[in-house]
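We call the chains A, B, C and D, going by the order they appear; numbering starts again at 1 in every chain.
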Amino acid sequence: MGLRRHVYHQLFARADRSDKLTLFNRFMIVVILAAVAVTIVATEPKIFRPHRELFIALEMTFGLIFGVEYVGRIWSVAEEAGDEPAWKARLRFMVTPLALIDLIVVVAALMPFFFSDVALLRIVRLIRLAALAKFGRFSAALRELVRALAERRYELLVTMALAACLLLFGASSLYWAERHVQPDAFGSIPRALWWAIITLTTVGYGDASPITPLGKFLASIVALSGIGLVAMPTGIMASAFSDAMQRQRGAEEDKQTDT
Amino acid sequence: MGLRRHVYHQLFARADRSDKLTLFNRFMIVVILAAVAVTIVATEPKIFRPHRELFIALEMTFGLIFGVEYVGRIWSVAEEAGDEPAWKARLRFMVTPLALIDLIVVVAALMPFFFSDVALLRIVRLIRLAALAKFGRFSAALRELVRALAERRYELLVTMALAACLLLFGASSLYWAERHVQPDAFGSIPRALWWAIITLTTVGYGDASPITPLGKFLASIVALSGIGLVAMPTGIMASAFSDAMQRQRGAEEDKQTDT
Amino acid sequence: MGLRRHVYHQLFARADRSDKLTLFNRFMIVVILAAVAVTIVATEPKIFRPHRELFIALEMTFGLIFGVEYVGRIWSVAEEAGDEPAWKARLRFMVTPLALIDLIVVVAALMPFFFSDVALLRIVRLIRLAALAKFGRFSAALRELVRALAERRYELLVTMALAACLLLFGASSLYWAERHVQPDAFGSIPRALWWAIITLTTVGYGDASPITPLGKFLASIVALSGIGLVAMPTGIMASAFSDAMQRQRGAEEDKQTDT
Amino acid sequence: MGLRRHVYHQLFARADRSDKLTLFNRFMIVVILAAVAVTIVATEPKIFRPHRELFIALEMTFGLIFGVEYVGRIWSVAEEAGDEPAWKARLRFMVTPLALIDLIVVVAALMPFFFSDVALLRIVRLIRLAALAKFGRFSAALRELVRALAERRYELLVTMALAACLLLFGASSLYWAERHVQPDAFGSIPRALWWAIITLTTVGYGDASPITPLGKFLASIVALSGIGLVAMPTGIMASAFSDAMQRQRGAEEDKQTDT
């Protein structure tokens, strides 16, 4: 009983309450980041092929760690049970989204590497990153961000609608101007939308760009007028997030002053 | 008489007054977005050709819905007539810009698909999007945006003039430096302006870029000094809009507090 | 005498005092913009060659108008003389920078088009744009902009120094990583600086980009860390300018309230 | 003794205390900038080869000046000694980071040019720029910048983590969509990360861009949603820096008002 309580505290102690991560939590963050890094690197054939065995061993190790953690959580979550039977608390925990992600990750991690051509299976392991959302302050920050976005959803919606109209207007203009000259790049509005998005986000690969004087003239107008508009939703998001962060800091400082 | 009043309320009830869209308004928003999406997708030959009949049927359906809505508006707008004869209120409504757009859209939508090579006719249907401006909160936001821009028109004019001077200065420099080396891209100031616009908006397709050391040196100076200037009008627009939105929200909250 | 005074008021009445441009000032703004537009378009051989005579006629007309204006200014500026002889006021006016620009513009405009291959001569005519700085509100805005920049010259200097260090650091890294693989693009630090400037301003033409894994890794770090830094001076400029504009507007509103 | 004190004041007088650079400090700033410029230009074979002797002579001169300054600092720093023996103060000074950089620079500068193919050795000389950090106001500004960043480290960490997730998500999507079509550019997640970084920083070289409709669709979503996120850390940095600068200016103005 003493052991289960100890394990429970190590695995579940929410950092947003105590503002501290347990030793085990710190270890798991390192393991998750390492597992994700290994998954990323393993997709590169030039690195994977000569070290096939190493990667399989690493994957197995990470899978084992995640498996042990998962089992440990299910076992120790019974501490939350109170008067009800332990299996009820366990079942309640198992159907939470983060626990389901944990399960998928464990299954994916332990899946043998022999089916390695099923590349998608490997990518599934990247959702391990979602496991990081469990950890206190980071999850508090995400909640703050979502709240800040919800608060300005109206501005976001209006600016996004305007940006969408501009993208559509730009794509239609260039479709009209260049559809016969460059049918591959501007032969339909969906194709021209690719140009519009890559231009108005200022990425500008150069795989689609107007070549006629009329097309260049229209593209210039669209580019000059549009860049601000397309950047507006992200600017609103950034300022909302920044405000939310400052409010949170202010609140934390007030708390500290009160104490 | 009771039916006409009911239809009038469904079609015209302005959401900015009651803060609610009628059921029919919600339905029309969905129809408009669907019609625009269909028009966009229909320009892609690879999708349009194999499903020609489907697209014609969809277009006809949308055209019918818009036609019925248009007739319904003209019929029910007589509710606004008061003492004057009904046809006066109808005529007054028919010459408003949004009603004219509605008429064009209905005509364009019902135009048979057989003249489908007249691609421009199809694009006309995209102005259906303008019909969205009818709907309450969105139209209020647009008015707010126009007002915010009008308020800072002076800053906008000055920064736009400076940006125009810089674009011209950049284009002239590169014209001077590279006109003999790359006559296609820099053989005249209008050609060099294309380079200047694509560079200073940071799009950078790469279809026109200096190749001589002198041209690269001048382009570096223009790029480093100019990017801030060209981004200034859009920055002013974004902050004006953001301020206006916050003012509006503040006003709404005041209203709610008063009630 | 009455005529000279009238001409003087039409030509010199400073709009920043009376907040109104005289009829002649408005006419001159249109002429300057038209003359600049003609000069720009005339550099395009495809447009210039078939309409050679038209462009020569237009240039001559603009030259004449600027010449008449210049003579008119010198003649009527004697109104400012007071007790001293008229030629003293005229000479004082003739050596002001804007009057000298006017002189150059007149000489360049009247220069026959026969030497049309001396393309640089034509560009000289673009400094006509500087003549716009004479006009009241615009020149006030420029003074305000210069003052706002001077006020934050310290921030600007620090951020520019940091941006310069980053550009140099980025160029050195890529020079070190790719100088043997791509000697044309990265064979020396000045060459790599072209890459660094085009990358960190996010223009990204694609004429110089790393191809080795090491080069791509270094370029990623430089791009992710550097973009904010290179954008900082322009951000400071924009906010300085925006503040200055708001102060000016506040001052103007105070003035109006006082009256 | 009088000379050593004089030299000490010329070499060490910290500008952040007296707000003034000594004559010698100004001279050294010019020398450092010139030495760095010469080092940069010397990497360009087209300029270096024909003027080999000139560059060697310049390097030697700069090396001598830095050597004399270094010796002068070590000699005169004894002024700080107080009661302890002079060599203790000298040793304490010699192990400070900036003094070590000075030493490396002197050694690198005096290293003969004959080993000129050891290009890395030349780049070492660029750390001379670090010597600029010695000079008063600039070093104060850097401290302020570091402090401002430390203050918002939490926001920075969260936005950087989100940006990293988005980069990874974008890279995985495109890896999934285009790995068989363009194995060179998207054949592994590390390769696709290069695309994601160059796209989401809006650089957009065009050396890696999706070509399938699915790839373009995913890239559009990633580009539209991601640009704001990747720009957020740099936006937070810029605003933190701007605030810090204004605080500092406010403090300085208060100081001046008090006096």
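Heads up, the rule we're going with is that contacts are C-beta pairs under 8 Å (C-beta built on N, C-alpha and C of every residue); 3 or more make two chains touch, one makes a residue touch a chain.
Owing to the predicted nature of the structure, the values given are computational and were not obtained by experimental measurement.
Going by the touch criterion stated earlier, list every chain that contacts chain B and also contacts chain D.
Neighbours common to chain B and chain D are A, C.
I need the pair from A-C, B-D or A-B whose contacts repeat those of A-D. Over half of the residue-number contact pairs should coincide.
A-B
Is the contact between chain A and chain B built from the same residue numbers on each copy (over half shared) or from different ones (under half shared)?
The interface is built from different residue numbers on each side, given that under half of them are used by both copies.
Quick one: report the Å distance separating chain A from chain C, using the average Cα coordinate of each chain.
45
Using mean CA coordinates as chain centres, what's the gap between chain B and chain C in Å?
About 32 Å separates the centre of chain B from that of chain C.
In chain A, which residues are in touch with two or more of the other chains?
Those would be 193, 202-206, 231, 235.
May I ask you to sort the chain touch graph into line, ring, star, complete or other?
Here the contact pattern is complete, since every chain touches every other one.
Would you pull the chain B residues touching chain C in the complex into a rising list?
152, 154-155, 158-159, 161-162, 165, 168, 172, 175-176, 179, 187-191, 193, 199, 202-206, 209, 211, 216, 220, 223-224, 227-229, 231-232, 235-236, 239
Would you pull the chain A residues touching chain D in the complex into a rising list?
Contact set of chain A toward chain D: 36, 39-41, 43-45, 119-120, 123, 126, 129, 132, 137-138, 141-142, 145, 193-194, 197-198, 201-207, 230-231, 233-235, 237-238, 241-242, 245, 249.
List the residues on chain D that touch chain B in their complex, please.
202-206
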